[in-house]
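Across the two complexes that follow, chain A remains constant while its partner is chain B and subsequently chain C.
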Partner chain A sequence: MSWVADLAQGTSGVRHAKGLAAFERVGFPGPRLEGWKYTSTRSVAKVDWVRADVVAAAAIDGLRLPHAAVELVFVDGVYQADLSRGLDGAPVSLEPVAQAELQPQHVGSEDGFVAINDALATEGFVLTLGRDQVMTAPVHLLFLQQGGEQPVTGQVRLVVKAERHSRMQLIETHHGGEGQTFVNELITVQVADGAKVQHSVMGRLGSGQLVHTVRAEVGRDATYHSHMAWLSGSLVRSDILARLVGQGGHVELDGLYVLADTDHVDNHTVIRHEVPNCTSVETYKGVVGGKARGVFDGMVYIAKGADGTDSQQNNRNILLGDHADVKTKPTLEIYADDVKAAHGATVGQLDQNQLWYLRARGIPKAKAEKILTHAFVADRVLAHPDEAWREVLAEAVEARLAVLEG
Partner chain B sequence: MLEIKNLHASVNGSPILRGIDLTVNKGEVHAIMGPNGAGKSTLSKVLAGSPEYEVTEGSVKLDGEDLLEMEAEERAAAGVFMGFQYPIEVPGVANSYFLRKAVNAQRKTRGEPEASSVEILRAMKKAMAFLEMDAGFRNRPVNVGFSGGEKKRNEILQLLMLNPKLALLDETDSGLDIDALRVVAKGVNSLRDPEHAFVVVTHYQRLLDYIVPDVVHVLVDGRIVHSGPRELALWLEEHGYGAIKAGDAGDAPRLEA
Partner chain C sequence: MGNDPIDTQLSSSYKYGFSIDIEADTFPPGLNEEIVAALSAKKKEPEWLLQWRLKAFRHWQTMTEPTWAHVEHPPIDYQAISYYSSPKDTDGPKSLDEVDPKLLETFEKLGVPLHEREALAGVRKVAVDAVVDSVSVATTFRKELEEAGVIFMPISEAVHAHPELVKKYLGSVVPIYDNFFAALNCAVFSDGTFVYVPKGVRCPMELSTYFRINEAMTGQFERTLIVVEDEAYVSYLEGCTAPMRDENQLHAAVVELVAEGSGEIKYSTVQNWFPGDEEGKGGIYNFVTKRGICKGNRSKISWTQVETGSAITWKYPSVILKGDDTVGEFYSIAVTNNRQQADTGTKMIHLGRNTTSTIISKGIAAGRSDQSYRGLVSMGRKASNARNYTQCDSLLIGKECGAHTFPYVDVKNSSAQLEHEATTSKVSDDQVFYLRQRGLSEEDAVQLIVNGFCKDVFRQLPMEFAVEAQKLLEVSLEGSVG
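The block that comes next holds the complex of A and B.
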């Protein structure tokens, strides 16, 4: 019996039962699935995980975001009420998922991790921002994987509802250490007509493992902007499905990964244009060194009838050294008319002409390489509209690049 | 200052420079002219240390030191500057940041104390005003989207900031309008003194009205085939390279032996 069935004992309710049944049908995703060709799930499947618990304390002081309006803290996937703050009088309403009636998300898909989440998730919240509400300060979801004596896992479920014409900024930070840990988070985001959600994620997971699944639905004239920065992790799977379901909707997916050592980050994104006259822009950039592997598997799907779609997708990578590895697979499927769609991907080394120019001005080679690598990723940091967050991110990126450059 | 002897260089095994001899003394300005593809840019790049070319024979000394033994960045710190015929665009790196890094990298290599950001910024503002460059160029990424003339002006800005003892200017005049040409020449002339030397590659004698050379060389097929006084440039403008290429310089002005 797998650990999933073990941990499912003691849960009740329709969603859990359906999730477990679904998981037992599909199991852990494996290489037989096109979307999992480059990522092995053995390090998650073959471990006897136990559920994490509420902790007495955790070293999170340096991880807080001072400019956040609300800060929800999770340690190894378990919500920590005592460490969280800003809940009283928060502009968003927060309902614990344990009390909410959630629909199973695993509906006929092959996604084993969504099924596991359906089966096991008891942690997390339904965050609702009411009509016309504008939040300027972000909601911070602070995740720390610190581990313990046994391998611990946490299943987190978040539901974000931005009602009509509201504006919300959500920042998730995922921190890891050296323990054997695994968090499986599923976050559904509903962006109602005219609303705008800015959803940012930064992962510095170390030996921690994370499967992070986003299911976003974008209404008429609404915007969903996702900004992902993966800066280490022994296994990160970032899965995004963003559906444009109302005319005039806009989806923007920005991504950045800076990987060293034996990091493994698999970005799997799908943008579905289901109605006419929507736009999407996806820009992912990676710098991969050491023995790390970075994956970008991005699909833009333009359904029949989604005429007047405008979509751009781009993935660029710099490989440092001979042992790093990047797999990039941008795909475009168009079934509509009058569509503007461009996509492309590159994997390469630093530009030799630029390197020569810097050296000709007296900048030593190693330093010049550093400057050019920073320049390559800097525009992804700048793509974020929140200055306070940009500063945090820039510092984290800097630190990771320093590791990469030795 | 610069002593080049029998310099041969090739790219992917095919020879381009085939025995260059050239001596440039402190305080002098040398112009190099010659037909397209003769090897003028190659000579500049080889001297600046481009990794593209392989030196197969000969020697180059800068104030007695073996230049060919040095990496490009060491040559820059030793005082060699090449103004690029085609300046490179560097997205994501602001002009001011680039200059700050370059100035301080050179100082560090020379064992000098680094300059503060404030000092460098002040010098940059001054040089930009002198070159009639808009302040906006400070924060723009290096050369990205600059017009041809703006790129050349930016090269001269770097020249002024880095203050090298030997400047190799590869067609810094091409693509410049008349005002820009004047400004660029003003920049170069501001550095002219008994300690600096210049090698100016150009196709147009017009530049030499502004930057008056001590010597003009004609480079053909990887060799300097003729050298003369400033008047040689005027003569070339009238007669072209045909006769000199054919080995018959006729009445072309030449240097007294």
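The block that comes next holds the complex of A and C.
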């Protein structure tokens, strides 16, 4: 019996039962599934996890974001009300939701991790920003995987609702340490008509493992902008499904991964154009060295009738050293004819001409390589509109590049 | 702009849909070890080949049909197919005069230059090895080729005439365990073509095979094996047609190419199997495994294909770039109309150093058809300085069709460099407007745009084929413009 069934024993409720049944049917995703071809889930499947709990204290002081209006803290996937701040008087509200109200999400999914979340999540929260409300400062979701003596796991379940014409900035930071931990997060983002959600994620997970699943639904003239930065992690699976369900909607997915050592990051994104006249832009960039593996598997789906779609998808990679590898698979599935869709992917080393140019000007090779690598990733950092966050991110990216450059 | 004028144009019918009555010698439907053995016996094959077939057949039985391709079709009943059909009178016509006049008539209708026509020969010589159903009927130009040292003959003959060569290379690129349809082909292949170009020889003419499925309820499982030795060169053309029939017919061929050091193979295909009617009834299931290996250093393999036919196409001509400094190329135009489905692309497997590959794929989807590009570019740990450039563009004509792109990229070497680009769009109204202003009809305007879209690939085709391909494209898209 797997640990999922063990941990499910303490739960009741229809969602849990359905989730467990679904998990027992599909199991942990394996390499035979097209979407999990490049990522092994053994390191999650073969461990006897115990549930994480509320903690007395956690070393989060250095991890807080000073400019955040609201800060919600999760340790090993469990919400820590005492450590969180800023909810009083904020335009945004956080409500714990009864189990019964959180619908099972695994339906129609081949993904065992959503089923696990259905089966095991005992708490869930809805974060709502009311109609016409504009928040200038971000909501910070601080996730720390600190672990304990035993391997611990936590299930995070969040629903983010941006009501009509509201604007919200959401920043998730995921920090890991030395402990053996696994967090399975399912976040549903509803962007109502005319609303705008900026959703940023930074992960520095170390030995921590994270399966991060985003389900976004974008209404009429609404915008969902996701900005992912994965800077380390023994197993990170980032799943995004963004559905454009109202005309004039816009989805922008930006991604950056800087990987060294034995990092493994698998980016799996799907943008579904279901109605006419929507646009999407996706740009993922990676620098992969050491013995790391970086995966990009991006799909743009344009449904029948979704005319007037304009979609661009791009993945660029720099591979350093002879033990790293990159798998990229930018795919298009198009069933409408009046569309513009382009995608591209590159994998390579630093441009030799650029290197030569810099060296000809007296810059040593190592330094020149550094300049070019930094320039390559910098534009993803700069793609973020929030200056304060850009600074935090830039510092974290620099630190990771320093590791990569030895 | 409305689709109507184009739609009416699209409805042109399949011009090669006639079936001739030649007495045929056909096995009853079904597949078991006896059929395989009977097939082998019929061809008086040596024992090793029989054992090879049986091994493949036994393995095939343990395999399941792949389902990952982006196509839909009713399940295929492999026991309902007849695995051998040969026009009677196979004792071998020695010259064209002995060939059944009806057969010649077929070729005449198809426009195959079976006769050594002066006109064609004047431009460039083409040797044709025509395959009606499963047996190679006439090989022209053989003598001239023999003088050059080139072996060009049906593979069933080559088994007897050059057993050492066939034994050495058969199954060396596509092993019997490779995939479901390849294993089936290994077990039941009936005939095909064998080409061997010895060291240093530049094949004096272009070689050509015409495949045609004639008999109802027969599958065609031909097998092509082309070997060029060091510094040798051959250009090979393959054309395919099939008569119009209500039932679906299965075509599971295997093509293997081997290029030794500095050898070069240019393989061009114009595939025009019957695509089924407007409602998707009938048509060929074209499930083909094509693979070449650039074995020696500096060798080169180039695939060019124009695919306008077949109800379902499932085909990925690939190149294994094993030697250093080897080159692989893939140029493709795929046109689907009505209910056709195509899942096609290529694989470039870079193993050697300084290997380069180029992929240019142009897909045109019209009517209610569905088309996918599926490709793999893999660069192994040792493939230092490997280069790949991929471009796959799709053009959509009509609201009911689909175009998809599934490129797989797998890079393990940090000095490798790879670029992939793809675009999908419809024929732009602006361009059509511009051309119509200059007096072109809407159909001509679209035709011109489509031709321009495909130009990069047409340029790669040998001249005789380029003309034919352009015509085919016109026919396939007739009535779809709008």
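Note that in this section the second predicted complex is superposed on the first by the 400 of 406 C-alpha atoms of A that agree within 3 Å, B and C clash if a C-alpha of one lies under 4 Å from a C-alpha of the other, contacts with A are read in each partner's own complex, and residues count from 1 in each chain.
Simple rule for what comes next: a contact is a pair of C-beta atoms (placed from the backbone, for glycine too) under 8 Å apart; a residue touches a chain by one contact, two chains touch by 3 or more.
All figures in this text were calculated on a predicted structure; none of them were measured in a lab.
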The chain contacting more residues of chain A, comparing chain B with chain C, is C
Is A:354 touching the first partner chain B, the second partner chain C, both, or neither of them? first
In the superposed arrangement, which partner chain does A:336 touch: chain B (first), chain C (second), both, or neither? second
Looking at A:371, would you say it contacts chain B, chain C, both, or neither? Reply first, second, both or neither. first
Please work out whether A:362 is in contact with chain B alone, chain C alone, both, or neither, and reply first, second, both or neither. first
Considering only touches as defined above, state whether A:319 meets chain B (first), chain C (second), both or neither. second
Mind working out whether A:379 is in touch with chain B, chain C, both or neither, as first, second, both or neither? first
Within the complex, which stretch of chain A touches chain B? 352-354, 356-365, 367-368, 371-372, 374-376, 378-379
Quick one: in the complex, what on chain A touches chain C? 34, 304-305, 307, 317, 319-322, 324-349
Quick one: which bits of chain B touch chain A in the complex? Just the residue numbers, please. 48-52, 71-73, 76-77, 82, 84, 87-93, 98, 101-102, 105-106, 109, 141-142, 158, 162
Residues of chain C that touch chain A when the two form their complex: 68, 379, 381, 394, 396-426
